[in-house]
Amino acid sequence: MTEQQLTHIDEHGDVRMVDVSQKADTERVAVAEGFIAMNPATLALIVEGKAAKGDVLACARVAGVMAAKQTSSLIPMCHPLNITKAKVECAPVEAGEREDGRAGIHVTTTCGVTGKTGIEMEALTAASVACLTVYDMCKAVDRGMEIMDVRLLKKDGGKTGLWEREA
Amino acid sequence: MTEQQLTHIDEHGDVRMVDVSQKADTERVAVAEGFIAMNPATLALIVEGKAAKGDVLACARVAGVMAAKQTSSLIPMCHPLNITKAKVECAPVEAGEREDGRAGIHVTTTCGVTGKTGIEMEALTAASVACLTVYDMCKAVDRGMEIMDVRLLKKDGGKTGLWEREA
Amino acid sequence: MTEQQLTHIDEHGDVRMVDVSQKADTERVAVAEGFIAMNPATLALIVEGKAAKGDVLACARVAGVMAAKQTSSLIPMCHPLNITKAKVECAPVEAGEREDGRAGIHVTTTCGVTGKTGIEMEALTAASVACLTVYDMCKAVDRGMEIMDVRLLKKDGGKTGLWEREA
Amino acid sequence: MTEQQLTHIDEHGDVRMVDVSQKADTERVAVAEGFIAMNPATLALIVEGKAAKGDVLACARVAGVMAAKQTSSLIPMCHPLNITKAKVECAPVEAGEREDGRAGIHVTTTCGVTGKTGIEMEALTAASVACLTVYDMCKAVDRGMEIMDVRLLKKDGGKTGLWEREA
Amino acid sequence: MTEQQLTHIDEHGDVRMVDVSQKADTERVAVAEGFIAMNPATLALIVEGKAAKGDVLACARVAGVMAAKQTSSLIPMCHPLNITKAKVECAPVEAGEREDGRAGIHVTTTCGVTGKTGIEMEALTAASVACLTVYDMCKAVDRGMEIMDVRLLKKDGGKTGLWEREA
Amino acid sequence: MTEQQLTHIDEHGDVRMVDVSQKADTERVAVAEGFIAMNPATLALIVEGKAAKGDVLACARVAGVMAAKQTSSLIPMCHPLNITKAKVECAPVEAGEREDGRAGIHVTTTCGVTGKTGIEMEALTAASVACLTVYDMCKAVDRGMEIMDVRLLKKDGGKTGLWEREA
């Protein structure tokens, strides 16, 4: 087990940004997800609003894309990247559709870049901030909402190549 | 159900920042939590590193506090607040300690402010970003980590007063 | 004429942030507008998209609100303010409706704060960035769009009280 | 008309950052302009101050260059770019010089980059923020100033090559 | 000696933002300074440029004021404050004028706020960034420049009242 | 002497971001340092805290790395760069160890990038902000601390190649 190393910790035990100077620029992509569970009544309010021109999910999508671009400002040891692709999808999930039965919004994010290091953190940050935005806009009616399942689904490119979450 | 309104949506269905101009400045506090589940071997690497002077959890704590201050830049309809208190605690959880048995890091955040609106989003954003920072620093050894249980535990102050999550 | 002074220039001719330390906190509001002129065909594409769930104007509204919160980071001598109200409205204007006959999007912004200094810059910045966002999202089909009429409509509060643009 | 598509809207009608992953890095340049109209007396104050070491236009130039670098943080679907060139020029225009006769400051911006997507938004954002900075520094003497003529003059590079505004 | 405590470290040895929730809002001011030493020939280039309309020191002054507003984003445990006053002065110092004989630019900064905590960090950050800006603009001709004497000269307000550096 | 030019000043005397569009991407590195002098008793408090899990120097290291990534937002004419390497080391210096005898923290920073322009400003900004962070966390016990010796030690890469500070 101890052959594995935390790459952000140097030989003295100090944190550092990992040196990627020698890595080649390759095309990379990452897909992540997140879920915010809520009362079915809260979901109904979101879905109703969605019929109108301004809606919670449009706001969450914009927030997720913008957060992807702020990732390296938020995560201390994360490399800045000029992302070339960012997409945030938000789908309502009715009570009973998921295995745990909970109603809520399911967020899927896709980020891409041509760079020396992967874009997983951008996809995960976008998913987190999209969920937080839903929380913010609905908290007056439902303080108990919970964010869960924030995780990587897939990444490709770079030396380690393709990784996919097992079902 | 429909008597409840999403306060961020106006009478035309458009998003807006809620107008809090008429609200009084009161002292407010919010406590939130989050959990990042990981392989027990990953947790061991973090705990080992923690014995040294630079460690993953110190970095996550700093990231969480700094993220609390960026909340209104990330969450579109969130009011800017001059927070007066921010604390991020990160505790290792060994496999078997939680009900679901998963190993990982448990994050608890506390934010305070004297202001016209609550500080829940700051506490939740700090918890999310602390978890994302742990992900970033350990992803080279464990891509499958999952962020969950990001939720409000307690908030106090303002017109609605005390709210606590039911156990 | 020379009795009037530029308040951001000190007695030595240097720029400075105006000292508002001695000013009282009062409730303030500002209303601004902007217009982005475009080809009627471009406007039609926006209006069509608007019927769908994700649309250019929703994105512009969110961008405008978020920009209002970044105003003091963008405008060098502008004081930071914790805005308590921000609203950005975007209305399509068909060819022939305006005096100059041009089609486009008319943006109206309203910002509020309780503070020592006015919130005009936040309203004007929100209007500018909402228009720039429309430009960005439509530039692939219409590079010739023009932003105009970015101006204050009304401000109230503070020592100078109410000001309204003459019709 | 409907053959043209808004590239920021996907097949479901959702906003997205356009995917430029497959585009080649080419050298790109964009030139934009803006104008802030004001009372001739306000212009005189600026020009007088300009003779001294600290002046409104120096501040506006710096603000414009810095804003160019913040463009992708402000405009939701705009790609981050490492700009390699940014210049903001501010020229006083006396009453009667323009066709509409208005006095004010004319801003011209030039931005360059080697990248996968164009730099028009950076040039336009720099022009807007330079004008807003002039507004901020002169608003105490002239609230009625208006920003207009914010538009692209020229762009070059990339697949679509040279575009110039018709006179 | 050990009766003194580092207030940013809690009883468990963890960093935290100090809780200032219970502190009163009082008017506060801080004055700081910094010096960037350089070759006399470099100073001559700055002073010559200063005669023209755009100059290094105007840019450094603007950068210093803007940095004061970013202080809490840069310094992890620093409280956000809505500063009400910021001034950055830059004075050329000829070789032989200082005790150590070095030529360079002397920066003095003054920041003010009405708040629960002091504004020393804003004044010190403004001084540092003004010096760094001079370095950036002159580094092509003088890489050996050194920033020194970045220190607080005076602070007033709050529970601890007036503090002044001994001559 | 006057053959040398300040590259940030154009032929009209205006500031500008230097045009690096035509420069090749090369691998570049910069090493900088800084020192914050303090009372020996303050240093003792830092070193004691360092034994515990959360400490001043861990916070300063994180702040320095994050500041390196914000450099082009802080320094007006500085080009944005996607840094590929950032490391901040903080070493306690006991009274008597330095030539001037002062106790304090010595900061060394290393930044790397593959880009069209050098990374000196990132290394210097990281050193400055690490020192400012130490000041912030210790100021309650020692307001008289001084930041000095902020300077470049070495840079390599680019057209001008290797530069090293003479001992």
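Letters A, B, C, D, E and F mark the chains as written, and numbering starts fresh at 1 in each.
To be clear about the criterion, a contact is a pair of C-beta atoms (placed from the backbone, for glycine too) under 8 Å apart; a residue touches a chain by one contact, two chains touch by 3 or more.
Labels paired with UniProt names: A, B, C, D, E, F = Cyclic pyranopterin monophosphate synthase.
Predicted, not measured: the structure shown is a model, and the values here were computed from it.
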{"item": "Set of chains whose contacts include both chain F and chain B", "value": "A, E"}
{"item": "Chain at maximum distance from chain D, centres defined as averaged CA atoms", "value": "B"}
{"item": "Centre distance in Å when chain A and chain F are each reduced to the mean of their C-alpha atoms", "value": "32"}
{"item": "Residues of chain E touching at least two other chains", "value": "10, 14-15, 53-55, 58-59, 61-63, 66, 70, 73, 76-77, 82"}
{"item": "Contact pairs between chains, per stated definition", "value": "A-B, A-C, A-D, A-F, B-C, B-E, B-F, C-D, C-E, D-E, D-F, E-F"}
{"item": "Chain B-touching residues of chain A, taken from the complex the two chains share", "value": "1-2, 4-10, 12-15, 34, 41, 44-46, 48-49, 51-56, 58-59, 62-63, 66-67, 70, 73-78, 120-121, 124-125, 128-129, 131-133, 135-141, 143-152, 155, 163, 165"}
{"item": "Residues of chain A touching chain D in the complex", "value": "27, 29, 58, 61-62, 65-66, 69-70, 82-89, 112-114"}
{"item": "In the complex with chain D, residue positions of chain F that touch it", "value": "10, 14-21, 23, 72-73, 76-77, 79-82, 115-117"}
{"item": "Touching residues on chain C, where the partner in the complex is chain A", "value": "50, 53-55, 57-59, 61-63, 66"}
